[in-house]
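There are two complexes below, and they share chain A, which is joined by chain B in the first and by chain C in the second.
Up next, the complex of A and B:
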């Protein structure tokens, strides 16, 4: 007789004195493999049955792709950056301006979008050394808002709230539905690539050093960690990864307006992805990204104009009621971990 | 014998408060040197300045002839300077093993040091302090004594030449304190360390230290062997108090 037992973290199947464990924790490769397969199959299904939802899938992948490097940045600097969308703005506007002015395609704008994001991140990187706590939060929060002001002041260049149009598209096959499918796969590839890179980094010696900085940077400094170097590298590399998403947005829509990505409404969505994902859990970012993208779609359809108020409300509730995030409820805390998991101080 | 650590006229002030006034001292290799003084005398400030957590306003610090006054804490650590904290400061979200692995990875620079090599070495230090069985417990779940031991293992894993021990007896019961003292003595023997020991419990330093420095109001008021310090009238007035011997020996 087959005996199936469902536990919180695993399914146990017993048959004639033999036992199989099916561990449900996401860090086990089997589950990663299964979820990756699901994510690869879903766009094809949507393409044939619900093509309107392909756009939501792309948004979900991009939200997750912003949140994953943000998680790395949070761990490596020991601080939560409240202005990741600043780097989306830098990457996006670089791609948009170059594409509009010189008719450059995505491949040509890509290296320059990364370069400018890296340069801007390097300029602001001293923030991770000199500012901490509330000051860091306020300063990083100001960056995208100041950038947004600049786009209005110099509206001849940035075209204000209308945005830059006529950017060369990432994919242009002539078939709109097929374009969406291909972009869904490119965004999925980007997100999975980020997941792989960040997960590998966290599980390496550098992840351990970052975790030490995140726990107590003064002590980490005392045991031989060059904390300033680690913090700046984490900040700049994660910023570059986020900047690529700005480049992606510009070439995906063919238009780019700061008003879409730089205000607080966009930031709240990214923070929600992080908090639903369980505060800087890299795998949680994927769950959070999909949750927020689909919730947004449902809310726009049902609530209309009051929809922007719902996300901050959910964020507040999560901050107080579920500090570990929805994904954290699912993820069992294991103490016998060989390598550290991401954790951000409250 | 040339000095391992030489401190010349170190000054440190916080606003108008002069925390350290022209402190000079010399520690020779293999010594156990004690530092005593009343509360607020500037003992921990001195350790913070020596380890680089605070920058000195004046004076010079030399480790094996190398001027480290302007060096950052991580650079001093690479040269062989390590410390424990008065109030344990573990990495709360790391396991005991991983805390020590971080030290073994980042302490003294060694070529081809991988995570696995560091883990093997960290296991040895955990075994040394008696925490190997707790290696997979998160640091935040350890007891106070275990945290003290974890701090010691973390400091030893950086392979220091000189170890600053900041009030290791504070908060420990007599049995635990005894174990801690013996462990530090063993570490000194086994790893060839020089110990700079800040302590309130005079009886411990009388037994363990070869020389003792006494500071009061940020100023060095005495230096000598434990016996000399015990007889020093200025030290008795400022810190030990009359009849301290009777109290110390119960």
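Up next, the complex of A and C:
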């Protein structure tokens, strides 16, 4: 006989001498599994009841998928990169140019998009060694802006003002609604994969080394950490992950324009996914990504013309109203976990 | 070749002086408050569009509109300092993102109210026509702007070197804790510095407004220049800022007139900054103090 007992903080199920506890108190929940299940179910629900929202789901997943490696990069280099969208540009343009010129599909452009992102990250990786905190912030901030300028200079190639069109689509079943559902799942898979990789990395011994660099580079060097190597690996690997999102954008929309991803407005959105999500905590990036994508969608639907300045205004208020971000509200209950504080060094 | 060289030198001096005017305020904030004012772009945008707003919406003349704009700029600067910078001085990522966001809000608001089709134009021309200096043909207004830039920088340097307030600000830029110990009112001087940086920005923007393009995103271009100059010169050092302004000026001139590709101006400046940073990670100046 199954015996179910309801307590204040948990439900206990007993059966033939065995006992299962289902903890109700939020701090003991296995949140990762519950939320993953929710994220997997939501696209199906939207597919049948609110298909227009699938696009927002995809945006949310992609915002989170950019912010998660950016959090890793921040941790591993001990510096906040203010130009992650540069790598979106590299990945996206590589995929777009190859697809337009040679009619290559997403599977063929994928390795080259990663390769070129890695090469460009390696070229700029000395920045993590030579440029100190604030210098690094400014130099990385300039990278996407200069890239944007290049897309306008070589407008014949990059179509800087209107973007490259005619890129082969990521999924083409002939049914638009189904396409969106499949892309929503692919973006979700990508985001969850990044979450898994980054979370495992941060919790590994390598993550501890990265945290040491983030806390104090000199001390980390003093205890025998090859800080330059760790910083370059963190920078390049995270850049490659961000470049994949550029590839995704190109094949998802079938068009790619630098003016969409390289200006400050897109960059600020990504930074806010991190800060409003929860100060670069990887799980916070997911909360931040969904929050910002849905907020933007609601404001576009309701405010019309005034949305472009009301949206940043709300984010501006939230930046200061939620100093520890959305994930910080949850973290208050799990204060025992060690999570390194991210900061811009002077 | 001799003629091209003359053109390069003339434009180096003019562009360098104007870049100095653009970057001086940014550099002073870096030197004194030890933060990067990533919202610096909105100062340029507001200078033009607030003046225009007073002229169009209230029907005021140019001078009263400029005075109104200055008053509002001071007020906004005070709130930016008291509301963001002062409260989050130890959390730089919040300051940087917050200031950047504020700049975007201003840009979008201006774009909503006065999009590029609105044809905003400020007739702040003091000298009309152009002047031939050897083979170079220069707008007299730009020539005037560069002269004022040099004069203003000289006055700023004099202020920092010869006055008691300047001395106190330099002390803060060197060591904030020691400054407090000797009785300097750091908070008041921070606010004063926020006001001080408005001077070169407002003067510079009004002088170049009739010659250079005006649109709601104009601030980003000036911010890019200010960032490049500031990094190259060394954080917040005025000597370094002066040297870096002219170095970037000469780079832009060479790219435009010798290589013949003016489109690569910013790219060339960025490459120059990176090369110099590899050799001197702290920039061209010897120290990060103001002078």
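Everything below uses one rule, namely that the second predicted complex is superposed on the first by the 290 of 346 C-alpha atoms of A that agree within 3 Å, B and C clash if a C-alpha of one lies under 4 Å from a C-alpha of the other, contacts with A are read in each partner's own complex, and residues count from 1 in each chain.
The rule is simple: a residue touches a chain if its C-beta (ideal position, glycine included) is under 8 Å from a C-beta of that chain, and two chains touch if they have at least 3 such contacts.
All values reported here derive from a predicted model rather than from experimental measurement.
Look at A:60: by the touch rule set out above, it reaches neither chain B nor chain C.
Applying the stated contact rule after C-alpha superposition, one finds that A:205 touches chain B and leaves chain C untouched. Once chain A of one complex is fitted onto chain A of the other, the partner contacts of A:70 are absent, as it touches neither chain B nor chain C.
By the touch criterion defined above, A:121 lies against neither chain B nor chain C after alignment on the C-alpha atoms of chain A.
Of the two partner chains, chain B is the only one that A:223 touches; chain C does not reach it.
In the superposition on chain A, contact is made by A:139 with chain C only, not with chain B.
Judged by the touch definition given at the top, the superposed model places A:131 against chain C, while chain B stays out of reach. Contact comparison for chain A: of chain B and chain C, C touches the greater number of residues. Residues 343 of chain A are contacted both by chain B in one complex and by chain C in the other.
Chain A meets chain B in the complex at residues 204-205, 208-209, 211-212, 214-216, 218-227, 335-337, 339-341, 343.
Considering their complex, residues 51-53, 72-74, 77-78, 82-83, 85, 89-95, 98-99, 101-103, 105-108, 114-115, 118, 136-138, 141, 154-155, 157-158 of chain B touch chain A. Of all residues in chain A, only 80, 82, 126-127, 130-132, 134-135, 137-139, 141-142, 145-146, 149-150, 153, 263-265, 267-268, 271-272, 275, 305-306, 308-309, 312-313, 315-316, 319-320, 323, 342-344, 346 touch chain C in the complex they form.
The touching residues of chain C, when paired with chain A in their complex, are 34, 36, 38, 84, 87-88, 91-94, 96-98, 100-105, 108-109, 111-112, 220, 224, 227-228, 230-231, 235, 263-264, 266-267, 270, 273-274, 277-278, 281, 283.
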